[in-house]
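Chain IDs A, B, C and D follow the sequence of writing; residue 1 opens each chain.
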Amino acid sequence: MSFPLLTATAVLPAAGAILTAAVPAARRTAAKWLALLFSLGTLVLAAVVLVRFEPNGDRYQLTESHTWIKDFGVHYELGVDGIGVALIALTALLIPFVIVAGWKDADPLETKDNKRWRPTQGFFALILMVEAMVIISFEATDVFLFYIFFEAMLIPMYFLIGGFGDRAHSGTDEAAATQRSYAAVKFLLYNLVGGLIMLAAVIGLYTVTGTFSLSEIAELRANGGLEMSTNVERLLFLGFFFAFAVKAPLWPLHTWLPNAMGEATAPVAVLITAVVDKVGTFAMLRFCLQLFPEASKWATPAILVLALISIVYGALLAVGQRDIKRLVAYASISHFGFIILGIFAMTSQGQSGATLYMVNHGISTAALMLVAGFLISRRGSRLIADYGGVQKVAPVLAGTFLIGGLATLSLPGLAPFVSEFLVLVGVFAAYPVVGIIATSGIVLAALYVLVLYQRTMTGPVKAEVSGMKDLKARELTVVVPLIVLLIGLGVFPKPLTDIVNPAVTHTMHDVNKQDPKPEVEAAK
Amino acid sequence: MSTVSVHSLWTTLAADTPPGGGLKFQAPTIEYAQLSPILIIVGAAVLAVLVEAFVPRKGRYYAQLFLSVVAIAAAFAAIVGLAASGFGTTKAHIAAMGAIAVDGPALFLQGTILLASLVAVFTFAERKLDPEAHGNRVDSFAADAAAVPGSDAEKAAVKAGFTTTEVFPLALFAIAGLLAFPAANDLLTLFIALEVFSLPLYLLCAVARRKRLMSQEAAVKYFLLGAFSSAFLLFGIALIYGYAGSVSYAKIADVVDGTTQQISPALAGTMGNDALLLIGMALILMGLLFKVGAVPFHMWTPDVYQGAPTPVTGFMAAATKVAAFGALLRLLYVVLPGLTWDWRPVMWGVAIVTMLGGAIVAITQTDIKRLLAYSSIAHGGFILAGVIAATPDGISSVLFYLLAYSFVTIGAFAVVTLVRDAGGEATHLSKWAGLGRRSPLVAAVFAVFLLAFAGIPLTSGFAGKFAVFKAAAEGGAGVLVVVGVLSSAVAAFFYIRVIVLMFFSEPKADGPTVAVPSVLTTTAIGVGVAVTLVLGVAPQYFLDLANQAGIFVR
Amino acid sequence: MNPVNYLYLASLLFTIGAAGVLIRRNAIVVFMCVELMLNACNLALVTFSRMHGNLDGQIIAFFTMVVAAAEVVVGLAIIVSLFRSRHSASVDDASLMKL
Amino acid sequence: MENLIALLVAAPLLGAAVLLCGGRRLDRIGHWLGTVLAAGSFLIGAVLFVDMIGKGADDRALHQKLFSWVPVESFQADIAFQLDQLSMTFVLLITGVGTLIHVYSIGYMEHDERRRRFFGYLNLFLAAMLLLVLADNYLLLYFGWEGVGLASYLLIGFWQHKPSAATAAKKAFLVNRVGDIGLSIAIMLMFTTFGTFAFGPVLEATGDTGEGKLTAIGLMLLLAACGKSAQVPLQSWLGDAMEGPTPVSALIHAATMVTAGVYLIVRSGAIFDAAPTAQLVVTVVGAVTLLFGAIVGCAKDDIKKALAGSTMSQIGYMILAAGLGPIGYAFAIMHLVTHGFFKAGLFLGAGSVMHGMNDEVDMRKYGGLRKYMPVTFITFGLGYLALIGFPGLSGFFSKDKIIEAAFAAGGTQGWILGAATLLGAGLTAFYMTRVMLMTFFGEKRWQPDADGNEPHPHESPSSMTIPMIVLAFGSVFAGGFFGIGDRFVNWLEPVTKFEHPHPPISIPVITGATIAVLLLGVAAAYLQYGRKPIPVVAPRGSLLTRAARRDLLQDDFNHVVLVRGGEHLTRSLVYLDHKGVDGVVNGTAAAVGGLSGRLRKLQNGYARSYAVSMFGGTAILIAATLLMRAV
């Protein structure tokens, strides 16, 4: 058999994690470089996947398949479609930036940590571990395999959030520590509950199908060997969707995100919202629609409403935030609303848009959040009110921050615009009213971004800010490539759409939906 | 089968009085080879008593340790041998004239019990954790259990370097009982086996070195309640016997199904009276559920787990559960399949309250041992869900779960023995704050066990949970699955609480120290971790084993 | 005389024993009540044995006595050691561990 | 030839990129680079223009496709340009005026240490604006549309350290975004209706669908136009936008960007022609705005805000004209171009005045400046005459045509619109005369400011005056050049179609009326501001005056309803999120915890109570078993 490329892509970071964790306490810097090296290696492999992938070839490519636990009907089945490829690329791309951005975040505080305590090694090892698990869950074409990593992913994330909080906090270290572990526990419990409810559904699925392999299930469906009563299908769908909606996160299951992103360090926050949460929305496309097409259609109205609420509600709360990172978190909630809207619009524009949205949102949020992190690390505060006039002392920082913000409000010319407009068009084509309401989101987005920029960057220079340094070389190496990507994908997204479109066509076929015809053609 | 051998072992003599009158004595046929595991352990136990009597005190500890390890290993080898020669599957049958079943479940569970016991014995023998007393290395057992705590006698005993090496023979006897329990194929054997493993455990609970008052209290509670429950069990046996006119599982089953051949008028009379049967069944179930620690018969568990010497707790928590569930399975699947529609609803109730009760009460616990006790209750509930499935899948899933669970438990309790302060083991949760910073490794290992308890994927806990829930769902107990899922969500909360405590809270100045164990405990913990991960990542082999072992002989 | 009456007696004894366990404080007495319950079982067993005309019941009764004896050995040992360290044999005093 | 089109956009874009990323080392040459690239773009435009007039009227349109931008199934958006007469007109206006203003800015921004970035932004604006007018489909137009929005945001807020500037910038962007909703919905409607949103196919297919759809699209486009062109009800940002440097006001908020709305409507003419209702609304918006702007203009003492009001009003004229259909399109564009000249000129003049007066903007602190800055006075004066429509100057030709067209709208509608335009002309004459008088005539009214340094009015450097002179030429002659012999109309005719307006009353009468109204306005202004001295502190004034000073209370309305309301909404939502959504979950957790605490009490340590529970349990077990059998 051929070289298991997909496995390698997931195993490499895992191996890196183990090695990094093994680095002795004193050799902190070595650990960092090791981690960076492995993340870059993964990026290379991801690139190879991207090249080897034939957009118009079979639905799942580079597949690997072995039975794993016969009794549970579990297979070790990997395979990628366009959507998976895009998201793997995103993940592999972002992790190096996350690592570089977090270069100094986990250096131990000599004051209270003893010799055996090795936070730095742990930090980077955990990041790589998350990368490995995320990648494999993008590759899994076996429900159970996916579920396992969907759940296991929580553990390293949990330690990243709870163990390595943002050192810029208001109040005492004790208070911060408690807040942090509260956030971590909240994150874990929300997702665990979601996961457990999904577990029930997974078991239910097995009792119906007797297998977990997507391909086998598809076969069953094709030759009518799959009798799933409407109610059963709906229940199972709800079980799956609940877990994904928690992860995504969809209103009203979103409240863990602001805490988590607020307390975690900026790079980890990026990891959460740009990478890990994408697994949720990805899974909606990959599993909800493919396994339960009828139920998906049945649930669409409700989901659309929730997504709309997320969009407006998230944006409004973002406007109301005092804490920069929480603001970004609520902005993300709003954006996830768009993604879910696009997925369940069930038009090719909507779904391609949603997929692009996942990628673009990852990049734009990374840009905004990381710059925000640099800003916060300088001033040592997350409160918007503590800033003012930054652009006078640190113009480059302010500029990059503004670009990140403009990307967040999806300005044409930057990547997010393409995806957001596609989603809106896709939704509008199927549900005009919903589309129109969603469009109002673009004003609110402008509102929270510009208010944030105005309060932090413009106006007279605050005393505490006056001494602020502009971005350092390391920080620029993080921000500049992201911005280049944002512009590049904004002006020339074709390569991405070419990869994604065929996959979306397949999904559309799964739910056997056609795009609504333009009125003029319909008339003829 | 000849009419003789269907009679139970105990009544050969009286049974056949040929028409001509005059007694014809017939010696019972005992398949010693097939009973060898039990016999080896019993023999070793007896031998151990002699060792206590004759070997000089200095050598005893080593002699006992050696003896028990060898015996357990030998017994395990015997099991493997039997399984290899097909007694688990094709040649499965009932030995000792109907007293002991030699079949898949029996062998699988006995194997599990022996492995668990072996690991447990290692923790029994650990002598490096407690600081040396007067230059003598000491284990977790009282120098002189008979002496009053704090009395001069005790001091003298400590000074003289006495140790309670009797724990080894006691453990061996208990193991013997545990081995017989799931294999028992008539109610009397069931009862005897129960007592044989219970009595030594009562004693083992009483002989802790530290916190002796609690230890004795635990023993008293365990003893009284245990005796109480076994009385119920016995009465149940009596009623069933009254109903069926026999104590052998096979014959009872026949009578229950109404497929029995020769019906004496007396039998005809009692057979009509289902009250006997049902009440008897309820009482026997109660006796077993007590050992399993199912709500509402669980209340001894927290106290006893907390008071008993931690190695003993680990041993009890693991081995007793395995044996008791084995017996429960056999009873329900061999004797009472005809009554499925009677016991199922009841067991549903028990399973639900056990899952929820255990999980919910655990939330507010402050002592790590009590916490684990409640978690073991909750797990009992999960296993019950598998038991209720009443399908072959159910059996094998339960077997697998027990295997997975027992090692996690022993490992976890072994870790508990390591965390100590001046007063011995520091079991209060507040003491565990910041452990992750003091000794990351120990904390990490314990975290692994906790995650396994919580049923996080890639740990044995998840595989087991999935197996039983799957069986339950297929057995039409979807509701149980949902309840199970919900209670695992609740349970997750307190496991995570401990992890938070260990890793995210600042270490206290007067925090406990982590003792460096000898190779013994290290092995115990190591095995625990290894099994946890192996069963989590590559469970197929063991699932196959459980599947092959999943059929009861009748 | 109808053997069923013996069963009634047995259940009566059993209940008395159980009640005793529930209401008496002194560990020894509680333990005696358990013994009473065991004996009730014996009576029942013997009765049934008689009804069915086979010996199983009686044999079990013998075993029960042995078991009871063994329980006495173990039980008394534990109770006495408890008594010596607390100077009280009341089961209610032994409540260090709770909640 | 068409390959040059991309260069039009590329040149200033390159400039923006270089200047913004270049860093300090470019500070010295930055402004020159920017200016050169702008000029380069103008030259390319000129070349294309020459080439274009070389061809026959109907095959002048050029088309260039660069690459496919967003292809998803039937949704196909290209990066492709279309250069026809309409676009060409704009290209020349944008690059021409743009270049002049670059030159002007070299002098104006001399003392600003961030001049390089200023030129970067200006170039960025040019690129975006050109993209807007050159796009061959609505999505690409949207790209440019928001691009100019961004540029305007950056330039209005160029002096970010002034909170007022930052706020104004934000306000401008937000209000424009509201308009953008309209544009994006319009595009979606086109997609769902025609399956495309490229100009050609859409505008040809208008016949294939019902009027309702087209009306909807038209109204959405109008909403967009209102945002960009500061038409009622989205006009509120333009006044504040004057916070930006004056060249910006001249280029973006007078000559080019704000007229994008007019371009949009004219470009989409085919849609409006088929949707009379939409057209009616357009004319109404235009009429209302032209009066609104004029009234506001009459009350402002801030010279730039007065001019801003005037801009609003003049664009009102254009929109109105555009709403009239084929009889108006050409005149709308014509007025747009002439207005581009004279309004830019006026702003530059105002800038030059401020330059000489220590950036004082309050006209009450000017007075008699004609002596000190003659060039400014003359150019400004010519611009003034052009604007009020003094016979023979640009404004006269363009505006007069619009008035005629308005009357020609027919029926009562025609009379109302005509009256409105006439009234507007009068008001224009009034407020512009007022500006002239207060600034250049009368006594000097300036005093030393807070820190005692008295302004020394002086003429601006040539780098500033030359552009003003050039524009003055435009203001004077452009109108005549276009108007005589319908030159301009014929030039646009292939794109916009044209019908001669037939007003109910004869043209000369209308012209006469216009001139009469004009003179009235001038006279009124003279009586009020020319005869008696002007108080330095503004008198309280009539209710209307006070309202007009506050933009007819429209801002106050926004503040109370939108800003305050929004604040309350968000605050209450934050509370709800914390207490409500989060509270439910935490509540459940707490409940379970409480239950646990209570159940825990059962574990009271007494062996006997444990026995009780066992006994009870057994009883239940037995009862249940028997019950099961019973039922």
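Methods note: a residue touches a chain if its C-beta (ideal position, glycine included) is under 8 Å from a C-beta of that chain, and two chains touch if they have at least 3 such contacts.
Protein identities per chain, from UniProt: A = NADH-quinone oxidoreductase subunit M; B = NADH-quinone oxidoreductase subunit N; C = NADH-quinone oxidoreductase subunit K; D = NADH-quinone oxidoreductase subunit L.
What you are looking at is a predicted structure, and each value in this text was computed from that prediction instead of being measured.
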{"item": "Chains contacting each of chain B and chain D, listed by label", "value": "A, C"}
{"item": "Mutual neighbours - chains that touch chain A and chain B alike", "value": "D"}
{"item": "Between the pairs B-C and C-D, the one where more C-beta pairs touch", "value": "B-C"}
{"item": "Mean-CA-position distance for chain C and chain B (Å)", "value": "24"}
{"item": "Centre distance in Å when chain C and chain D are each reduced to the mean of their C-alpha atoms", "value": "97"}
{"item": "Chain centre separation (chain A, chain D; CA means) in Å", "value": "37"}
{"item": "Centroid distance [mean C-alpha coordinates] between chain C and chain A, Å", "value": "65"}
{"item": "Of all residues in chain B, the ones touching two or more other chains", "value": "220-221, 224, 228, 232, 302-303, 493"}
{"item": "Set of chain A residues in contact with two or more other chains", "value": "none"}
{"item": "Overlap residues in chain C, where contacts from two or more other chains coincide", "value": "18, 21, 30, 91, 94-98"}
{"item": "All touching chain pairs, where touch follows the definition stated at the start", "value": "A-B, A-D, B-C, B-D, C-D"}
{"item": "Residues of chain D touching chain B in the complex", "value": "589, 592-593, 595-597, 599-600, 602-603, 605, 607, 609-611, 613-614, 616-618, 620-622, 624-626, 628-629"}
{"item": "Contacting residues of chain B [partner chain D, same complex]", "value": "220-221, 224-225, 228-229, 232, 274-275, 278-279, 281-283, 285-286, 290, 295-297, 299-300, 302-303, 341-343, 345-346, 349-350, 357, 360-365, 490, 493"}
{"item": "Complex interface listing, chain B residues touching chain A", "value": "437-440, 451, 456-458, 462-463, 466-467, 469-470, 473-474, 478, 481-482, 485-486, 488-489, 492-493, 496-497, 500, 503-506, 539-540, 543-544, 547"}
{"item": "Interface residues, chain A side, partner chain B - complex", "value": "68-72, 112-114, 116-118, 147-149, 151-152, 154-155, 158-159, 162-163, 174, 177, 180-181, 184-185, 188-189, 192-193, 196-197, 199-200, 203-204, 206-207"}
{"item": "Parts of chain B lying in touch with chain C, wherever the complex brings them together", "value": "8, 10-11, 14-15, 145-146, 148-149, 188, 191-192, 195, 199, 202-203, 206, 212-214, 216-221, 223-224, 227-228, 231-232, 234-235, 237-239, 241-242, 245-247, 264, 266-267, 269-270, 302-303, 306-307"}
